[in-house]
Every structure is written in C-alpha cells, then in structure tokens.
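Provided herewith is a single structure, encoded as structure tokens, for subsequent inquiry.
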Amino acid sequence: TGGSDTGTLRFNFVVPVENLGSLLDIPDIQDQLDNLGDAYELEVSRNSSTPDTVNAIAAGEADMGLVTTESYGGAVTGPGGMTAIATDFWDAHPDHFGFEIYSLPDSDITDPEDLEGATLGVNATGTGIHAVYVKMLDEIGLSEDDVDFQEQGFPTFVEGLQDGIFDAAIFPALFAGEPRSQGFTEVFTSHDAFDGAYPFAFTIASDRALENKSDAVEAWGEDYVSVVDYIFENRDEVVSLAADHFELPEEMIDGFFLTENDYYRDQIEIDMDALQATMDELVDLGIHDESFDVQEYATNEYIEDHL
Amino acid sequence: MGIAESATVDRDDLVELGKGLVSLVVVLAAWEAAAQMELVRPYFLPALSEVLLRFVELTLDGTMIEHGYLTIRRAIIGLVIACTLGIVVGVLSARSRVMAWFWDPIIEVGYPVPVIALIPVFLFWFGTGDQPIIALVTVGCFWPVALNARNATRDVDENLIWSARMMGTSDRQLLRKVVIPAAAPGIISGIQIALPISLIITFVYEMVAGTSGLGYLEIRGVRSFDSVQVYAALIAIMILGFVFDRGLRVLRARLLAWT
Amino acid sequence: MVEGHVTISNLEKVYESGGERTKAIEDLSLEVPSGEFLSVVGPSGCGKSTLLYLIAGFLEETSGTISVDDQPISGPGTDRGVVFQDYALFPWRTVMGNVEYGLEQQDVGKSERRDTAQKFIDMMDLDGFEDKYPKELSGGMKQRVALARTLAYDPKILLMDEPFGALDQPLRESLQDHLLDIWRDLEKTVIFITHDVEEAVYLSERVMIMTRHPGTKKTTVEIDVDRTRSREEIIMSDEYTATKNDVWQSLREETDTTPRAQH
Amino acid sequence: MSYADSRLATLEESVPAPLWRFVWFVFEWIPIAIVAGLWEFASGTVVQRTILPPPSAVGTATWELLSTGEIIPHLQVSLYRIAVGLALSIVVGVLLGVGMARSKPIENVFEMFLALVYPIPKAALVPLAILWLGVGTETAILIVFLACLLPIVMNSYNAAQDIDRNLIWSAQMMGVPSWQIPLRVVIPATIPSILTGIRQAIPIAFIALVSAELIASNQGVGFEILRYSQVGAYTLMFAVLVIISLAAFFTVRGYEWAERRLIRWA
Amino acid sequence: MVEGHVTISNLEKVYESGGERTKAIEDLSLEVPSGEFLSVVGPSGCGKSTLLYLIAGFLEETSGTISVDDQPISGPGTDRGVVFQDYALFPWRTVMGNVEYGLEQQDVGKSERRDTAQKFIDMMDLDGFEDKYPKELSGGMKQRVALARTLAYDPKILLMDEPFGALDQPLRESLQDHLLDIWRDLEKTVIFITHDVEEAVYLSERVMIMTRHPGTKKTTVEIDVDRTRSREEIIMSDEYTATKNDVWQSLREETDTTPRAQH
C-alpha cells in the first residue's frame, strides 16, 4: 500500500455510499476535487470496521478515516493522537432515518423487552452501531450481558435472520430497504432509543498528519466542502456512479440516498455541544470509562472557512 | 539438546535454564521500565504489571477460565474427531488398494488447501457457536493426520509384518498387533502437526466471528481499544499453547517409550 | 522324527513391479529331509532371500510347488520360523514381550508362556535383559532375541536369512556354535542362507550352491565333517578345507561371470 | 505402490504406452471426479445452490476471476506478503539458528524466547500486530514471518549443531580464519536442512497469511474471501478459495522443483 | 629439506565435558624428523586421534608443548594438513571446488589455482570427475579427493587419521602405494594413524605403539625394509614379518589388558 510522503493522504472508510467519504473512492468524484494532484494525493481504501480504521490510523498506516461515536470515543481514550475534523452524518434525526432493528416477520420478538437472551447481529462491537443496541438495552433496564452479540457483515443479516443465526439484527440505511420491504418486524429504531438527533459518524485525522501534512489536509478540507455540495446538487448522477463503482444495485442506493430514508447529512460542521453530550452519554452507558473535553479532540478549522 | 525438546532434566539443563531465565527477566524488566518511563505509547505496549494485573483480574472473575474452557473444548473435540477419522482413513488407505485408490488423490488435493480460508464458508453455512468451529477444526486437522498416518503405515517394515504372520497373527489381528504400533511414531507426529492447526483455526474463527473464546476476548480488546486486554488474553493463549504442546510431548514420550 | 520335511519342485518366481518383470528363481527343485541343516550360498542377487521367503510363505510362487511334510503350503505358518538378518524385532515390545509373542498367538496360558519365554531367554544368555526394549540392545543381543523369539513358539523348520551377516567375527562365531547346539538339541530342520562359504561349511550338513541371477540350484555339496570335535580342530581338518575349496570353486564360477563393481 | 494386478499388467502390454498412461491417469483421478460429481449433484438438490455452489459454477467463476484479472491485484498483494514474510524469516531464521548453534551467549539469550514463542499459535498474534502495525500489509508480513520463523530456526539450529566438526577443522587447516567459519562452512553445510525448514514453512505461510487477511486486512485473497462472503457472493468466494489453494499447491511444487534443480549436491 | 620437523614434549590432554574429566593423553614426548613417515598404532580409545588433532591444532593441549620446526604451534595452520577417515569433503563443492579450496584461501590466482588442482586430480586418477559432487563418488574416490585436497595446498606435514579404514582391501592397497609414491616425490613428513599393524609396517619408516588409555608412547619400532622392492616381495620378506610380529606383540600386551567389550 504504502506512500506516506508528505503530500499523500491515506483515507479509510467502512460502509460504501453511507459514509460520504467513501464516495471519494470514485474516480469521477475525484475529478471534482480541485486541489487533488496539486496540493495532495489521495489513497482511499476500505476496512471492515471502524475499530480497524482507528487502529490503522494509530499504527500510522492511514492518515484519515471515518469512525462512529463509540470508536471515536475509543480512539481518543485508547490509542489517542486523533482529532475529528468533520461530521459525516447524524443518527435519530426526527425527519430522517435512524438505525432500524428487525426480527423475522413472524418472530416473537416485537419489542425491545423481548431481546433478553436473544442473539443480535452487529457488524462489530466497538462501533457506534453497537452503541445503539447498548443504549436501548440500558433504556429498558437490561445490559450487554443479557444478550449475545454476533459479529457479521451487514449484507448477510437478512439471510442470517432467516437461517436463525440471530434473532434480531441492526440495519443501516443502505441495507434497511430489504427487511422493510419484506415486512420484517421492526423491533425498534434509534429514534426510540435516543431523545433526539446526535452526531454519529465523523471524519478523523491523525494528529501526526495534521502536523506533518497540514497543507494537504487544508487543501483536502476545501475540496471536501465543495464536493459535498456537488453530491447534493448532482444526486442522481452520484447514485449511478456509486452503484457502478461499488457494484451495488442502483435501486438499492436510489431507495435511500439523500432521501428521508437517509441519515441527516446536511451539516458537516462539528457541533461541539452535541458531540460532548454524545460522548458523555457513552460514559453513562458504561461504554467508556471516562469522558473528555471534545474541544481538544475535534476541530472545524479545516472546513469552516470554506462552508 | 534441541530447543524445548528435553524430556529429562539434569544439572546442566538447570544451569542453562537459569541463564535463559536471566535473559527473560531482563527483557521483561526492560518492558516494564520502558512502559513506566513512557518510552513507547502505552496503547502499543502497556506496562507489564498492568497486563499481569488484568490477567489475574480476568482469571479471578472467571472470564479467562470461561473463555479458555470454550476454546479448549472446541479445539480438543475437533482435534479428537480429526485424529479418529484421519487415522482410520490413513491406515486403511495404506493397507487397502481400494482405499488407496480412492483416498490418495483426495489427500493429494486436499492437503495443500489452506482450510482456514473456509471460515467465511462455515460461518455462512453454520453460523457461530461450537459446532462450526469444531467442524472446521476437524476439516483442518484431518489432512496432516491422514497423510502422516498413511505414510507411516505404508512405511512399516515388511519384515515386521512377516514376523507376525509367521508366528500365527491373523490378517484381522495384524492391524492392531503390528501395523498400528509400528506406525505409531509417524501417526503421533501427524497429531503434533495438527495440534497448532487446531488452535489456529479455533482462534481465528473466534476472532473473525466469535462471541466467546480466548480469540474473541483478544480481538475484543483490539476493537474496544483496550490493549491491556489484548496482552492479557495473549498470556492466556501462551499458557494454553504451552500446556497443549507439553501435554502432547509427554503423551508421546509415554506411549513411545520404546523409540 | 518325521516332521519338517521340505520338498520344492520346479519352483519359479517372477517379480512384477511398475510394469517390469524380474525372474528371480527359475525351475528350482530341492528336497530337505527333516532334521537336516542345509546352507544356501550364491552370488548376490541370485534369489536366495526370495527362495527363503517363498518357503516361509511370505511371497507367492509364480509356478511350481513347495510342500512341508507333503502338504503344499499356503501362506505363512507357525511350522516355519524365519530369523531375519535385520532382526525384525517389534520395537514396541520388550525382550520378554518379543519372545512371548508367538506363544500369545497360540493362546498359551500366561504363566506357561512366561516360563517358556524365560527358558529361551536364558538359553540365549539374555537373562537380566527381559524388560529392555530392542533399541537398548547391541546388534548381537538383538540377533539372540530374534533367535529366541523364533525358537520359543517351536517351529519345525528354521529359515535363516544371513542372520549373522551384521555381526563381528567373535560374536558371530559364538552364535554359530550356539545355533549348532540348539539344532542338535531341538532337532529342527534348518535352511540357512549366507554369503560366507566358511560359515556354510562349518555349520551345515549340506550346502546348496545357486547359480547367478535368475537363480536355480547349481549343485549341492555334502559336508562330511566330524562334528564332535572343537571348532579349532574342525577348521584345521583336511575334510573341512577340501570341502570349503570345492564350494568356493563352484561359487567362483558363478561370481566371476558377474561384471566387476566399479569403484 | 501400484494398484495393477497381473490381469492389468497383461492388458498393459497390448495397449500403446501413451494411451496407457492416459488411461492410468484417468483411473487415478476418478475419485476426485466422483467427489466433484457428488458435489455437483448435491448442489441444487440436497442443498441450495447458493449455499453450496456446484464445482462447475465455481470453475467458471475461477476462470472469470483469473481471466478478467479481477483477482490479480489481490493475488499479487498476498503473494508479495508471503514472499517478504518468508524471505525475512529465512534470513533471520538462518542467522538465529546458526548463531544459536555456534555461540553459547546467543543461544542463552534466544532459547528461552523460542521455547516460549514456539507453542503460541501464531494467528493469535494478529491482534497484537494490529495494535502495532494496523490492518494492512505489515501485519500480514509480520504474521507470516513469525509463523515461518520457527521451522527454519529449528532446522538450521539442529543442523548447525550437528555439523561434522571435521568440516570446520578442514577449513581451518586450509587457512580459513575463525570468524569466516559460519559463513564459509556452517551455513553451506546447513543448507539442506534449511531447505527442509523452508519446505515445511511454505504451507504454514499460507495458513498464516489467510489468518491475518481474514482478521485484519483491506486487501489480499483472504480479504476477498471475507468480502465475497459478506456480500453473499458464495460462488466467487469458493473461486477465490480455489485460487489460493492452487497458489499454495504450485508454490510447494515449484519450490520442490527448484530445490532439486538448484541444489544438486545435497 | 629442514622443514616439517615435529617435536612433542610432555604432552597431556584432559577432556572436560559436563563436569567429567577424561585424561586422553599422558606425558607423551616424541620427535618426528622432517621427511619421516611415522605410523601410530594403539588400542582403541588410547588417544591416537586426540594426539593427531592436537598436532593439527584443532584441540588445545592441557600441558606440554608441540612445536613445528622449533616454533610452538598456535591453532591450525596451513603447514599441517589432515586427511580424515570420513573424508570431510565439502559436500556443496565439486571435486574441483574441494581441491581448489585451500589454494583459494592463499589467494592463488584463478588459473594457477586451477592448474595446481588439476595436477593433483590427475595424480589421483580423478580426471573426468572434476565437476562431480562428493555424494556422486564412491568411498575410494572420496578418499582420493580428500588426499588431493590436502596435497594441493602443499602442507609440509601430512596428518592422517585412519584414512583407509573405511575402504576394502584392493582399494586400500592401491591407495597405500599411491601414498608412498607421493611421500617420496613430495618429501612430506607423514604421521599416519592406523589400527592395522600390517598397514603400519608396510608403509612407514617407524611405528609408534601407544599404551592403552590414557595413552602415551609405549615404544617406537624402526622398520628396516628395502622399499625398492614390490609389495609382494616386501610382504614375503623376513624383516617385514619379524617387525610385524614385534609390533603385534607389543600391541597385544596393551590390548589384552583391556577388559573385553560386552556384547
């Protein structure tokens, strides 16, 4: 893989399309990055979970990546040396999608209370997705020990439910269309677990990169703001480009991307107060041991001038 | 004396052991010192004392024991099934032309397959839990056991078989009274090759898709950025591997006292 | 004693392996009366071992017949005991375990088995080594265990394939004398293969010389030596020397036509 | 061992040799065909096609992945990791093995560690490697390196220890200074055992590679297997499995061939 | 020629391994004038090999001194060349590569090196085998390569440790005569260890007989044989037989007191 020369930004994402950053992997989108090639080079690659991304950044193997609440908190309190530089999307926004937890159409599990003793599908523990479960369990007075988590890739969840590998599974926007249309039982959504919208996914960068490649990150920030605008303005074109590039069915992407079935993505600027509240919540849930001042580990300086 | 191979201990060995221990202690002390002085980031290398403390904690609260038990159970059951099948197939294909005709090409083709790559397949077929892990361990360990059993049986000195026949051993008794004992060293070597494979498959399965076991405990540490747990789980894994390995060596020495 | 009489007529053995056919024995007929001590000598590769394994029933003849006491043999049997050059002891059994083996197969009771085995162990000067494994023994001791093992289950016929070939001279001589004593005491028929003419002449009543490959009986030579005398006396005697030379001569003729080995 | 009985042998004489060899080849591989046939049959009848894709479909997919070159970058990455890991383990393993055999202090320092590391299943070190090196190439290389190191160290250590002292003395009497002895005598004399160690290490390297790529990677054949399984493309997943198995098979065979060619003296 | 003169005085060698001390050589003094062919015989385990390796400098003496041309030796040197019983050829080098080895170490130019090596290969009747590896050679050929290798770099002193022990009789005799020719032509000092009295007497000008373990010089016997004659004539001569018997006698005394090895 390699080049870590000053001009190259190595960028990791996890879920295609859902993470706006993943779209940077598409050559046609890269064409919209005006500074690319002059002020910086980009190497985009995919990991199977956000903790992998954090560890890759910690080990100096990547410069930037997309992480979710739980892994962001873990990144700061664990390996450290990472700073959030943009929001990717929010979960549980009243007008938008929130993670949906389904069981089979004829399942006995219809309410969160029924989850006691159940096996739950999750892409990886240590992710914000995992935190959604934990939050709901906490709301109804259960804990992680009352359920079994089964780690598997999102695309296998429908089949996993049908084969009885798990009793309920969580679906992000990209994959929620299928169980919804097949009439699976909705056990709960993150709207039920959280009081309101909270910032869920972030772009983080290693402090090393921010120090050594600040010009590159600076230039990238400028490009990123404009490419997000471009994506919103050319929604249909982006949908087919993404379907092509990631080899996903176009109707699947079309069915959610930038619709009400999608997350709230209108604000890429980091809302420090909301972020602080989210992190404190994770501490309350027992996911992290201690809280921290997000001001020290998040900044808008790379994007705010270009908004 | 080969590394880690001596069965008996004398004074010289103890002196050597002492010297080895000194170097080990020096390195462990250096580890602790480096961590205390924060020469390395604690996330990469937490202090030894912290790791040991966590190991003790997790052992006392039963976590280690519970997960360790699951790992051991999966590896051992799989290994035992693989050994049974492998020895039967291996011995029979060395002694019977039909079995050889059938199994030789299959062993030839099956042996080099990195069975570990079947983890996603098994995951998809059977999900997680004990059975798929045991099944995959069985598949992975079958080949070396069968191959070694076959070769060892094939290489049994013909004169031994003839000796037994002339003393009145019937064809039916031959297997039990001569072939198996004579092939035992080779068969046990096959089991010794299979042992680490059984552990690797178990750990990797637990890491890729587990909900329990030492491999899960370890990868959980990585996913939750708790490097102390990673090291603590590794200590348990080391102990486990060491005990398994030693156990098999002792068993071998017992069974093959005559070699 | 009328047991242990071996009759071989028109024996032929062809090996087939990987599509190649090697004729090892060709039209060999031989009569060994019961109680005879017959040695077989012949050039290397002439088929001596093959002949022995055919008699033992380990190999199947291509044509011809082998009978023991006028019954054609079918496979190995406890009436014929082989002593192999490389001992072929069961390495996983102790000396006692090896010597007992044949008796176990005949369902001899435990204490009787042990007594019989002990008798032969003692006969071979192996007492004190009952619980040793073969790997703990020297070559000479292993050969004595092999002999004890075969004698213990009392085959009528002893078939020996260069049993002393791997041993050094003094040991060899002492085992030869041991073997002669046993042969006399236990009244066995012995077919003894060797490449050593002196050994053949010293030990046996008759020597069969085989032709070179493919082997058959070239001739047999009667040995007329007074065996009541000591080894030294025998070796110094004229009969012995003369017979030895005859056998040598006869064997030479076969060997000389073999191309010389290259160094 | 041959399976021919005498009737077959008579038959053989009446058939031309190339044809005979062909018939023989077919006969020997019939069992594979039987297994493949059963599998082909079972797929779609006994079990769903999606669960167990038939060999024909896997074959086609394998060909597709290879001919379109889709798998090639991943294969390259994986083989690169194996090559580097193995090469490192050879260099370090030989130096360590020979060093330990010839020098008491080196032996004292490392013996304990090898004894401790020896029984650890190397795949269990992947999480540690993730901590140190992240989830990419370096981690895979480290695991391959560690897994292959021990057979190579063991073989070269034992061989270097058992080396015929007369060889060393021969060199000394002909004027080779002591410090050159390891390079000029010990290593060459140890080469046959080193080669054996490498032969044992190759299959281990593949196991280690796939383990590392399954647990932590974003490239390579192990990752492709996991990725295809996660998107439910099981036929392709099996195809990648076939490809990695073929790679392992041919690496071992190729190595054995090269070994026979290159080391004529052993 | 004044080179290659070996002086050993009050030599003692004690092996220490695993806390045990074995005295192998005790108070041995010996003078070997340059150009002499000295054989050493002695009972097995008396320290013959130890003595040779001490002279070669492979082992360090416990006390006493060894000098070559009045210079105490320090470690192995190219003035002393050893020929080992088991050849000790470098298996990874061809015949040519082995014979050239010593010359390479002395930085002899490539073409000169090749010529010299070829000369000794020819001398040993090995031409045509230059590119073979040791494993492709028979024992006799390997021993000749070993001899060529040691002769090629021209040590003044040849130290030979039962060099012909592993060879069969005809080959042995031919190599013995070869060695005698070389010794005469190249004027080397030779110290030749053997357990074969006939070989010692046939080859050398003087034989040293060693006492049994721990070994020291028992006596030396001058051999007064007219070497212009053929092997047959020498062997038939009375001097030869008489000397041989003397040496035998002297050696017997040592051997007989050795407890008989247990089989």
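Chains: A, B, C, D and E, in written order; residue numbering restarts at 1 for each.
By definition in this document, contacts are C-beta pairs under 8 Å (C-beta built on N, C-alpha and C of every residue); 3 or more make two chains touch, one makes a residue touch a chain.
According to UniProt, the chain labels map to these proteins: B, D = ABC transporter permease; C, E = ABC transporter ATP-binding protein.
Keep in mind that this is a model prediction, so the values were computed, not measured.
Taking the mean of C-alpha positions as each chain's centre, the chain lying farthest from the centre of subunit C is A. If you lay the C-alpha trace of subunit C over that of subunit E, the rotation comes to 175 degrees, to the nearest 5. Which two chains touch most often is answered by the contact tally, and the pair is B-D. Note on chain placement: the centre of subunit C and the centre of subunit E lie 42 Å apart, centres being C-alpha means. With each centre defined as the average position of its C-alpha atoms, the distance from subunit B (ABC transporter permease) to subunit E rounds to 52 Å. Centre-to-centre separation of subunit D (ABC transporter permease) and subunit E, using mean CA positions: 48 Å.
One finds 82 Å separating the Cα centroids of subunit A and subunit E.
Looking at subunit C, one finds that none of its residues touch two or more other chains. Counting partner chains per residue, subunit A has residues 55, 58, 152, 156, 159 touching two or more of them. Annotation for subunit D (ABC transporter permease): residues touching 2 or more other chains are 130-132, 226, 229-230. Against subunit D (ABC transporter permease), the residues of subunit A that register as touching in their complex are 1-2, 12, 45-48, 52, 55-62, 152-156, 159. Those residues of subunit D (ABC transporter permease) that touch subunit A in the complex are listed here as 130-138, 216, 218-219, 226, 229-232. Contacts from subunit C toward subunit B (ABC transporter permease) in the complex involve residues 53, 56-58, 75-78, 80-82, 84, 86, 88, 90-93, 101-102, 105-106, 133-135, 149, 153, 155. Only residues 1, 3, 28-32, 34-35, 51, 108-116, 118-128, 130-132, 153-154, 157-158, 203, 206-207, 209-211, 214-215, 221-222, 225-226, 228-230, 234, 237-238, 240-241, 244-245, 248-249, 252 of subunit D (ABC transporter permease) touch subunit B (ABC transporter permease) when the two sit together in their complex.
If you check the complex, the residues on subunit D (ABC transporter permease) that touch subunit E are 164, 166-167, 169-176, 185, 188-189, 191, 264-266.
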